[in-house]
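Next up: the structures, one after another.
Both complexes below contain chain A, partnered by chain B and then by chain C.
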Partner chain A sequence: MKKPLGVLAEFSSSATLMYAAENLRDNGYKKFDCHSPFPIHGMDAAMGMKRSHLGFIIAFFAILGGLIGFGLQSWSHSIAYPIIISGKPYFAWQSYIIITFELFVLFAAFAAVFGMFKLNRLPMFHHPVFYSDRFSPKVTNDGFYVSIEANDPKFEPDSTADFLKSIGGSNVEILEEDA
Partner chain B sequence: MSNTIKNSHISDPPLIIGNQTFKSITDSISRITEIKPPKEWYIFFGLAVSVLLILLGSIGYLFWEGVGIWGLNNPVGWGWAIVNFVFWVGIGHAGTLISAILFLFRQKWRTSINRFAESMTLFAVICALLFPAIHVGRVWLIYYFFPVPNQMGMWPNFRSPLLWDFFAVGTYFTVSLLFWYTGLIPDLATLRDRAKGLRKKVLGFFAIGWRGGNRQWQHYELAYLVLAGLSAPLVLSVHSVVSSDFATGIIPGWHSTIFPPYFVAGAIFSGFAMVMTLAIVARKVYNLEHFITVKHLSLMAKVMLLTGSMVGYSYAMEFFIAWYSGNGFESFAFINRALGNYAWAYWIMVSCNVIVPQFFWSKRLRNNVAFLFVASILVNVGMWFERFVIVVTSLARDYLPSSWDYFSPTIWDIMTFIGSFGLFFTLFLLFIRFLPMIAMAEVKTVLPEADPHHQDNGGKS
Partner chain C sequence: MKFDSKIYQITQPGSFGNISMGIGVLALILSAVGYLTNAGQFFHSYLVSFAFWVTLGLGGMFFTMLHHLTSSTWSTVFRRISETVTKILPLLFIFFIPIMLGGIHELYHWSHADVIANDELLQKKSGYLNEVFFIIRTVLYFLIWFFFATKLYTLSILQDTSDDASLTQRMLKFSSAGMILFALTISFAAFDWLMSTDAHWYSTIFGVYIFAGSYLAILTFLVLASHFLQGNGILNKEITVEHFHDLGKLLFGFIIFWAYIAGSQYFLIWYANIPEETIWFLHRWEGSWKPMSQFLMFGHFVIPFIILVFRASKRNLSVLKTMAAWILFMHYVDIYWIVMPTFHQHGVHFSWMDLTTFLGIGGIFISLFWRQFSAKPVVPVNDPTLQKSFGFMNV
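Moving on, here comes the complex of A and B:
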């Protein structure tokens, strides 16, 4: 007994992939993805995706980093180790700005990269699309693919495969695993 | 009439030449990492590793014997180590400028050279970080820089520009590394999908399971945009902070508010020169003339013309302010730079940094690869001398004539500096050997076929 995990179809160009994405969106598919060797401008709208909220994650950590930077400097010069150096006051906040900025940027950069990993659920070393022999050598080279996951409410192996063929997909494969 | 204008497509000439397709881009760039390198690579690598050994030997002796092996003397306590530090940090700046600032300005020509330039940034910053680390004398106490709780209950002095510098360059390195790695992920996935066996496993580990779905690209592109947005002010801040090491001092010739913008312009200038030197060699050895075209080199020459002119303006303005301030020490410091003991260094600097880039006004010379190669090397020489002139001439002639002295490098100064090129080129050659030196996923986006509306405009399918 094989259990279907999804269906995969190949498209010939970025234009046909975009057309397929618009059709899937308009036919109520939700759990599908469009794979391409490079990001395609306008694809987010074609797939009916909302804006990424990575920005909020980055903003949170950036501000946290800035506060930690400023707090660390204020605390060490005013409380932990108050000592006068070259006549500057203990709380010389003007001279703390640079390191505050640096830690703001540092935390924001880590949040951008690891937040992106988190939202993309990376690292993830296996995924049903890799079961296809054609998919992975082509998608990072010159191939354009649509994958629809089996837990999409509209998914039904044969009719979904036929639908993908009708909107221009070729080499349609049903991805399965042994149940 | 108006109708014909509306319908005519006035387009720029393509950035990537030679009828490339997505597949030909993948093949020609991935292949470099998959086959045995050309024999030039072995020659360069052998040379680079030999020079790296000189560096390791010099550092070993330095740790054993102390900074007394260098030519430092009483007024000149900052010699070549700081000159080399500023030199290498400056070189790094072009990489970030190309990868971040040109990205934000949507300058698509950057895609062919950005990976290259970002890698150069990383390796240059590694070389830069080496010098302050080894010049502290007791290198095993370097952890004093870090704000870590310690047995003495002491904390570093955050009010000092030297500590700002530590944080600025450390952050710069870390952010550059993250940016570089993020850009590499799709290309590592490309290499992974072409590889077999252990190579596939290793590449697969670093490609973290990338599968090119638009739901991934969406977050990826935003992360990349934000990293570019963060790097742009960061790169401007790093060299400004480096310049604060000098500008907050009271030595005549250092104590100047022009330093931050002047250092940043100089850094970009020297960095572009280094990218150009490396790109001209790499495109020749690996036959990448279709990707790194003469147009790319010519555009880099224009950036060098702009930043070189800004540097020249700063030299002139420093002289003007020294005179206009009416400060005798300041005026003396500048007259001494141009006419004193170190006049030879000053005029090497002016010839290489002010006069050489002015040749880039000529379109014929901007398109002449041999000329660009020579000019880029001269600019690198000139920019090293700029830092030498700033650091050494100011210290050697400070306020009190009784403390004046002349700085001469020892063999160990020279060997450490030359050795740092060995470190840089060893890392760079390893990068060229094992990683895609051109950002494939990004170059594909500038092909006309990448645009989903390409066919609407009457393009061939």
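Moving on, here comes the complex of A and C:
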């Protein structure tokens, strides 16, 4: 008994890949991905992808970092251990700005990197497309692929494979593993 | 106003240039009346207006040179606008002549022999800060700007009718030498014209601070000029939301850069706490100058930051143009805040001459700009990157 995990189809060029993506988008497919050796301008729109929420994640952590930086300095300098440094007041907010800014940037950078990993579902150690023998050598060289995952609501192995053929896909494979 | 979209040429420039020239001349005549009644106030207002329009021109020079140096494609549609601003910059020398003839004594206390006699610090500085060397330096700045502005503009116009591919390279070469001289001349011009109004005070980052404002000025000018052109049916298809988005990103970036430089200047002086340095900020924190300083911080940084941080507001032309006009206004406030507290130490003192000198120099600047701009194609029609620039997309 084999369990289907998805379908993989090969396309001849970035233009046909884009055309396929638009067709999949217009036919209501959600869980599909396009694979190409290089980034293709306009592909996000062709696949119907929404803008990433990463910016809001970064903003949240950046502000959090800034507050931590400012809060820690104000608390330690003016409450926990008040001390006069070069004639400045206990609450010398001007001198806290640099660390506040640095923590703001640090938290933003970490949120950007790790948030990107999270949204991309990385690290991912395996993916059904690697069951295909043709995929790995070609996709980093001259191959253009569409993969549709089995948990897509419209997925049904044979009809999805036929649909991919009808929009110009070749070497259509149903990716399976032993159940 | 009529426009031929096939050759990108304004065929009938309309009366805009004449109206602007009329306003300029009228405002200058009014300012001259002001000079006869209160010469001191006249020159204070005049210096602010002069510095405002010169920094806009310098911003244009920087934008043009940066465009060539980085071989940019997105900004090719804006190149003719920034080149024309640059081309007008050296002509502003005529507005320096009143300062040269009489303004020096009203504006710069280092030019009074009796003041120097009782001031050891000014005696030590008199090798640099003296009238003759001051004028020589200014003439030199304008000669350098004249050379590069004319060179870049002429090559660009030549490119419109020539198939010579090496013109791009030649503009790049002039830009690389020009960029170095730009950095030096803008710094020293800022030291001479603005910083030396308070000759005891010094800040080594002052030139960079003025540069930050200049670049903001040209970015806002590009947004507003493009908006004006599109309102008259020019470049409606060529300048897209993608180009405005990029100008918005640069505006946002340089709002932060300005705040970073302003903060650095303040911060080092605050930390060191040396009286001859802190006095400059003390003047700006006394009386009604304090709310003015706070207004500058919020208006020039905090508010534009909060609004422009969102992608949607950079891509919404009505928000972007409002912000551009606001930031250009804040650039004027910035220069006003640099110059005026030295002369009115106990509080803000607005004068009608602030407005007339601004409109006087500005009206003539805009009029000269429009005459030059409408006489040539509105984009570099033969630039190899132009088509790519039209189709530019943000990823």
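Remarks
Methods note: the second predicted complex is superposed on the first by the 179 of 179 C-alpha atoms of A that agree within 3 Å, B and C clash if a C-alpha of one lies under 4 Å from a C-alpha of the other, contacts with A are read in each partner's own complex, and residues count from 1 in each chain.
Convention: a residue touches a chain if its C-beta (ideal position, glycine included) is under 8 Å from a C-beta of that chain, and two chains touch if they have at least 3 such contacts.
From a predicted model like this one, the values you see are computed outputs, not experimental measurements.
Touch criterion met: A:42 reaches chain B and chain C at once. A simple residue count on chain A separates chain B from chain C, and the partner touching more is B.
In the superposed model, A:96 lies in contact with chain B only, and not with chain C.
When the two structures are aligned on the shared chain, A:108 is found in touch with chain B, with no touch to chain C. By the touch criterion stated above, A:81 is placed in contact with chain B alone, chain C being left untouched. In the superposition on chain A, no contact is made by A:60 with either chain B or chain C.
When the two structures are aligned on the shared chain, A:52 is found in touch with chain B, with no touch to chain C.
By the touch criterion defined above, A:131 reaches neither chain B nor chain C. Of the two partner chains placed by superposition, only chain B is touched by A:139; chain C is not.
Residues 39, 41-42, 55, 86, 95, 98 of chain A contact both chain B in one complex and chain C in the other.
Residues of chain A touching chain B in their complex: 13-15, 17-18, 21, 33-44, 47, 49, 52, 54-55, 58, 72-73, 76-77, 80-81, 85-86, 88, 92, 95-96, 98-99, 101-103, 105-106, 108-110, 112-113, 115-117, 119-120, 122-127, 129-130, 136-137, 139-142, 147.
Looking at the complex, you find that chain A touches chain C at residues 39, 41-42, 51, 55, 59, 86-87, 94-95, 97-98.
Of all residues in chain C, only 263, 266-267, 270-271, 273, 309, 311, 393, 395 touch chain A in the complex they form.
On the chain B side of its complex with chain A, the touching residues are 21-23, 26, 147, 153-160, 163-164, 167-168, 170-171, 174-175, 178-179, 181-182, 186, 189-190, 192-194, 204, 208-223, 226-227, 230, 233-234, 237, 241, 244, 440-442, 444-445, 449-455, 461.
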